[in-house]
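Each of the two complexes below includes subunit A, the first together with subunit B, the second together with subunit C.
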Partner chain A sequence: MSAQFGTLLEGLTRQRGVRASLIVSENDGLVVDSNLRFGQDGDRVAALAASLYRKARRSAEAARLGSVSFLQLDAERGRICAVGGRGDLVIVVVADPSANVGLIRVELLRALESLV
Partner chain B sequence: MIIATVEPWVEAPLKRYVDEARARLALVLHPSGQVLAQAGFTRAVDVMTACALAAAVHATAAELGRRVDGRPFSGLHHSGAGKQLYLAPVVTARGAYVCLTVFDQESSLGLVRMFFAELCRDLAEAAPAAPQVRGPALAINFEQELHANLTALFAGSKREAAGGFVL
Partner chain C sequence: MADDIRRWSDELASDPSSLVFLQLGEALRRQNQLDVALKIALRGLERHPKNVEAHDLVARIAVDRRDFARAFDGWEAVLRLDPDHLGAMKGLGYVCFQYGRFADAERYLGEAAARGGGSDVTSALETVRRSGNTVAPATEPNAGDPQWLFADLLVDDGQTALLLDDNGYVLGGLYVDDEGNDLGVEIGAQLSGISDEVVRSARHLDVGTWRSITFETQVAVVAMAPAPGNALLVVAASRTTPLGLLRRLLDRCAERSAQWLAGQAVRGGEAGAGDEGGSA
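Up next is the complex of A and B:
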């Protein structure tokens, strides 16, 4: 983990129920930096989350809804939250279904603010 | 998308790969440049050209990897203005092959790499157990086999050509 993003990702992964936090490239779908708990496949999460975020952003643009501020996908065994809009970078969090989404959202938006 | 294979065991994994990775073109070829399967091409001459170039690039990158890293590079990515390519080896019981994937903004390198790993697993599982005994790729045999493979790929595909892609 690089020093530049290390503190940001550690702050996200410290949240209760968060399994992984990543900074990914929206266009390439590659991991820029990550903080993963045991058992998480960072490359796979990055590729799929980036694709999801890109499609959401394009859909919002096509529907003339403006930019995407927060993306949340709830699934049976977990949820993915993502924020972007600072260049090509997207911050992604993988969390348990029981995790506090409100808190994760606040932390993600705060992390986005600190992202150069 | 038109998918044609010289050996039938490649077809299902390749179809799944191009669908899931949303690739525009895909080629599976022998490192000598002989085509094994293709997806998205409509003209034999494009397949022939792409195979020759991909084999040459793969050989160059592999040798460069040996010099720089002591072993061949595992994959090669080039990014253009609108299209990108990913070139990487596939190892099966039948031998080592090379897969060339061309994709655009509908996909990403991360997705292509992820589904390529699945393609490698699928092809390794689908490959017939008995290894194919191949002689050296001699010039006298190469052209004959190349034409036979291209004929196998494009013999029945003219009727589907409308939806294809020209290199």
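Up next is the complex of A and C:
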């Protein structure tokens, strides 16, 4: 983890139920920086989350809904939250289903502000 | 007041962890310096995330800025920390009233009244009840028309819901823009592609079956969920709608979709049986 994004990612991963936090390049799906719990495959998470965010952004724009600022995927055994919309970077959090997504959203939006 | 603000600002500058941000934020709010007040309050909240009054301050500033979504989140946070907080109940009642959620507004104000909220709460409660009673019941121009599948569930301006098949074609519901144009076909075609990506991501990330995806855009908040028979439910509302309310709307529409699709399947089965009988 680099010093540049370390504090930001640590702050996110400290949230209850968060398994991983990453900064990802939306265009190529590569990890810019990450804070992962043991066993998480950062490259895979980055690629899929970036792809999902990109698809949502393009679809929403095509549907004339404007650009996507926050995205949340809820699944049986986990949650993925992402924020972007400023440049190419997307901040991604992978969390347990029981995690407080409201708090995660607040932290993500705050992190996004400090990122740019 | 200006002296107080200067003094509190100095105090906060020398000790950023001081709780004086509460007084400073409130003073700025009263002076209608809402952007600065919000900034101060959010910084304070960052340092004191469990402070009930900090959440309350953010919510009150948000209401003054007509940012009802943030106000709702703020007062919900207050109630999580202090379930008996009268101000939060009154605030949530007000926000729900603004959204036309009269039943929710009545519930919050009723709780506030039960805890001794005073005459202003009683008066607000009466207003909410009157407003709730004067709202015309949702009409269904043609109950059999799939376009009106969700009509009675969509009570606020800007709320819309669509049920799509696995090709992105509209099965039921409407997607109406500000000018009343039905964009269902176009929106359905564009958004249905997201679900393929969602399925792929959920599978590869080993998080199990997906339940919903929610996203905020510049003009709307959108939630999608899988429906029986590989169908996809899309619900959208105006940008100011709190995500929690959107999720509730999604749940109600999902229930309606499941019932309707089951009904369609039964009718399809009956028709099929009838055809078989006719050809025998």
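Here are a few things to note about the model shown:
Quick note on the criterion: the second predicted complex is superposed on the first by the 116 of 116 C-alpha atoms of A that agree within 3 Å, B and C clash if a C-alpha of one lies under 4 Å from a C-alpha of the other, contacts with A are read in each partner's own complex, and residues count from 1 in each chain.
Please note the rule applied: contacts are C-beta pairs under 8 Å (C-beta built on N, C-alpha and C of every residue); 3 or more make two chains touch, one makes a residue touch a chain.
A quick note: this is a predicted structure, and the numbers were derived from the prediction, not measured.
Partners subunit B and subunit C, once the complexes are superposed on subunit A, both fit on it without clashing. Once the two complexes are overlaid on the shared chain, A:43 sits against subunit B while remaining clear of subunit C.
Partner contacting the larger number of subunit A residues, of subunit B and subunit C: C. Of the two partner chains placed by the overlay, subunit B and subunit C both lie in contact with A:51. Superposition on the shared chain A places subunit B and subunit C such that, viewed from the Cα centre of subunit A, they span 130 degrees in steps of 10.
Legend: residue contacts after superposition of the two complexes on their common chain; A:27 is shown touching subunit B, with no touch to subunit C.
Between subunit B and subunit C the least C-alpha distance in the superposed model amounts to 9 Å.
Residues 44, 48, 51 of subunit A lie in contact with subunit B in one complex and with subunit C in the other. The touching residues of subunit A, when paired with subunit C in their complex, are 44-45, 48-49, 51-52, 55-56, 59-60, 62-80, 94, 102, 105-106, 110. In the complex of the two chains, the subunit A residues touching subunit B come out as 24-25, 27-30, 43-44, 46-48, 50-51, 54. Touching subunit A in their complex are the following residues of subunit B: 105, 107-111, 113-114. Across the complex, subunit C meets subunit A through its residues 46, 73, 76-77, 183, 186-187, 190-191, 193-194, 197-198, 200-202, 204-220, 222, 236, 243-244.
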